[in-house]
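Both complexes shown next keep subunit A, but they swap its partner, so subunit B is in the first and subunit C is in the second.
Let's look at the complex of A and B:
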């Protein structure tokens, strides 16, 4: 069942955990003020899960962060993918929108955080705005590239058969561009998490980034690690869900490739 | 796609229209009083403020000084990522056991956003130069490692077999076969790393710095100095663009040189 690769991974992770235990607990090589021991990590986890930390239990923080990421991501995808498809379809749209893009794109999404806070305060709206900015660009670019990479004859054949325009978009363009679109979505999702954590670190009242922020101020390494692990797990879980969705949506394509 | 490519004049025309719509809406929003000016200054206000910041200090330094201290951290972080990531990637591409050890740990760590390292960065290295450098490193390291690894992994097997047959040692195979063969991939990775590093820098400075453009922007935000915030955004955008153009040029130069050699 488990191949050589799986066994090696397991050994490697187990060795890393053992090393963690040895340097923090057995030998005290790394002081607890710098990095928590496994026991401290566990205590912090129990504390935030049951009694709460930074104003709420872990679940509430995680749900808050997850909610904002999914909302921002959804808004970005719902606006970015159609815009990218349109730019890929119409040379005029590309010519008009590209310069605007070139102007705005060099500004890293994180640089919008102060402006978002200035405009919308520390609440959810500012975070959704920043995530939207961050996740928008990869959605647009990949949808655009996906349309441009479609074989012209395929479109011309559909056209020749008198396919109405919206069916052409729905049944030819969108599916043909979808592998690229999904690549864009993956990048968008990653960008969403990075941006959210940064935005919550700068200013928030709930969320995993806020936990990290409070733990940093309290100089509480155990809780910092709990926050980081939670961010990692949430990022991993959402990426996995997206990969599952991709597999379902692109089943036809995968089969064709095999 | 729908029609034949546009002529040059048409491209320019549509491009100008797009930019005009953006800048026009922006100016109109504030000039008409629809959005209060302290919240959305006009493009000219931002330009004015940028020129002013060239000589007038804000948050302890002028804009060029902030940029210089940002750039210093940035250079250290990206350099460190390249110096560790590229050799490690090459070694992982050659020694299977190293690949087996590092890959699962690396995959696990990759899901943690670089910016989530901020609290440990501040705890371990403070807010001067060390903390931000760690975060830039966390952002720039993965593409360095991954691209060097992939480049080394997909080297023409015949080259390696030939070298092996001639009794070439591990070190020489890595330096004289894997490294040159992986160079295009490595350079592409460095370009991605440079971009991600610049992004991480901004995030790091918003949170854990006592100088730099990001710090200037946070201070401006606290003082509701919107033109200064936007001036910072423009400055960051320009520097990011210059870095990208410079690296693209370097990449093209390298490709030309290799093309001549081959």
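Let's look at the complex of A and C:
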């Protein structure tokens, strides 16, 4: 069953597609050299999906990009969340780490690309490192803020019950901070995709960013749009998966907000 | 086991920035299995007294001890019931009650047994697998009391435990607490600003002054309760109608009123 809201979104998507068709094909308001028509888009899609483009079929490019994003994101979360929790919990850790963090934070993640390539070459490792830097910051900040926002009586209750340190972190601090942690993960995932395409634009032999780069050099608007749409869909799919995970993990919190 | 002692206890908040003296030379002894309520105007430091027994705060001078041992940190021998319940919302009722038992390293079978009896004691059996947000405020506070009682603590510290409940639920919980105190007597330190609640529940009521808080007087309720046989009444409103109850209540009220500021607040 589709609700009113579903119907409305479907209508607006259909309208956008129609508008696209009208301005590029029916009226020729936008020349095909600047923006592809639906037919050209379709041809490009078929070409890259079957015969391949930029050295590989679409699936191979997509898998490569997805792999880099997931690895970079995973490394960022695995390091950023514990660091944020620790800084939130220990004033001493905050005092020691925060100044360095604040110093590094304003550097745009993409500014690390030259250094990453210098250190790790043009392979996957350099890109994962750049994604890590980009995705690391929101994970740290939100985990940190999540701990700081915990109600004091909740922690006092755990201490009164004689909860040992690691159990306190695992069963009280981390779950209490988890709504904020998930906010951080969402932002980290977004940052991962943004950075990936930029990192692949600079130097890669496979991946959606590389497809975009080659298509730009070939002056091939249809293929550029295929690359953009693919990144958009992959980004949407991973965000959706994360939202599902969040809903499961925070069932207690969602219900409490009703 | 389970006596509490305040020995010339001072508390100053923010001593580095000039400091506000919250408590001034508190002397109080609570005997084993005695129920003592502290009443006082807001901001008088009564909650601070409880927090020092819990080990959440340290005295600036003097000593707080339980069973003759100086309090230095929180621990399950001194269970706390908070005004805002402070349950873990991601844990079920059973898991909330279980945490303290797991921390003690007890075997699963013993934990299950003790949880079952705590659930029975607080009439929570049918809600064992519910999450806190699915329960009313009164039920949540029952869980918090069960979580404290299950530890079999020597001392029970209750910080305005019924302050966040509506009037009817509050009365039910007060009667419940009296029932509990009979079934399973404990040393209780009870903080409240509700005079009637203090007189109804406590063996002794300590009245505090305005900040810096001092103990102004201590009233013996127990001897009156026993002499007048309050316990023959089941319901709180019947007890509250007794002349001896009204008399004590009025006495405490007057004592508290003297502590109000010039604007009556």
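By definition in this document, the second predicted complex is superposed on the first by the 253 of 258 C-alpha atoms of A that agree within 3 Å, B and C clash if a C-alpha of one lies under 4 Å from a C-alpha of the other, contacts with A are read in each partner's own complex, and residues count from 1 in each chain.
The working rule: contacts are C-beta pairs under 8 Å (C-beta built on N, C-alpha and C of every residue); 3 or more make two chains touch, one makes a residue touch a chain.
Nothing here was measured: the structure is a model prediction, and the numbers come from that model.
**Student:** Taking the superposition on A as described, I'd like to know which of subunit B and subunit C A:252 touches: first, second, both or neither.
**Tutor:** Touch partner of A:252: subunit C, not subunit B.
**Student:** Between subunit B (first) and subunit C (second), which, if any, makes contact with A:158: first, second, both or neither?
**Tutor:** second
**Student:** Where does A:29 make contact in the superposed view: on subunit B (first), on subunit C (second), on both, or on neither?
**Tutor:** neither
**Student:** Under the stated touch criterion, name the partner, subunit B or subunit C, that contacts more residues in subunit A.
**Tutor:** The larger set of subunit A residues in touch belongs to B.
**Student:** Under the stated touch criterion, which partner chain does A:171 make contact with: subunit B (first), subunit C (second), both, or neither?
**Tutor:** The answer is second: A:171 touches subunit C but not subunit B.
**Student:** Between subunit B (first) and subunit C (second), which does A:98 come into contact with in this model arrangement: first, second, both, or neither?
**Tutor:** The answer is first: A:98 touches subunit B but not subunit C.
**Student:** If I apply the document's touch criterion, which positions on subunit A are contacted by subunit B in one structure and by subunit C in the other?
**Tutor:** Of subunit A, no residue contacts subunit B in one complex and subunit C in the other.
**Student:** Given the complex with subunit A, which residues does subunit C contribute to the contact?
**Tutor:** By the definition above, subunit C touches subunit A via 54-56, 73-76, 78-80, 82, 84, 86-91, 99-100, 102-104, 131, 133-134, 147, 151.
**Student:** Within their complex, state which residues of subunit B touch subunit A.
**Tutor:** 1-3, 5-6, 10-11, 13-19, 21-22, 39-40, 100-105, 108-109, 111-120, 122-124, 198-199, 202-203, 206-207, 214, 217-218, 220-221, 224, 226, 229-230, 232-234, 236-238, 240-241, 244
**Student:** For subunit A, which residues are in contact with subunit B within the complex?
**Tutor:** 5, 8-9, 12-13, 15-16, 34-35, 88-92, 95-100, 103-104, 106-115, 117-119, 147-148, 150, 152, 155, 190, 193-194, 197-198, 201-202, 209, 212-213, 215-216, 219, 221, 224, 227-229, 231-233, 235-236, 239
**Student:** Would you mind writing out the residues of subunit A in touch with subunit C in their complex?
**Tutor:** 151, 153-154, 156-164, 167, 171-172, 175-176, 178, 252-253, 255-256
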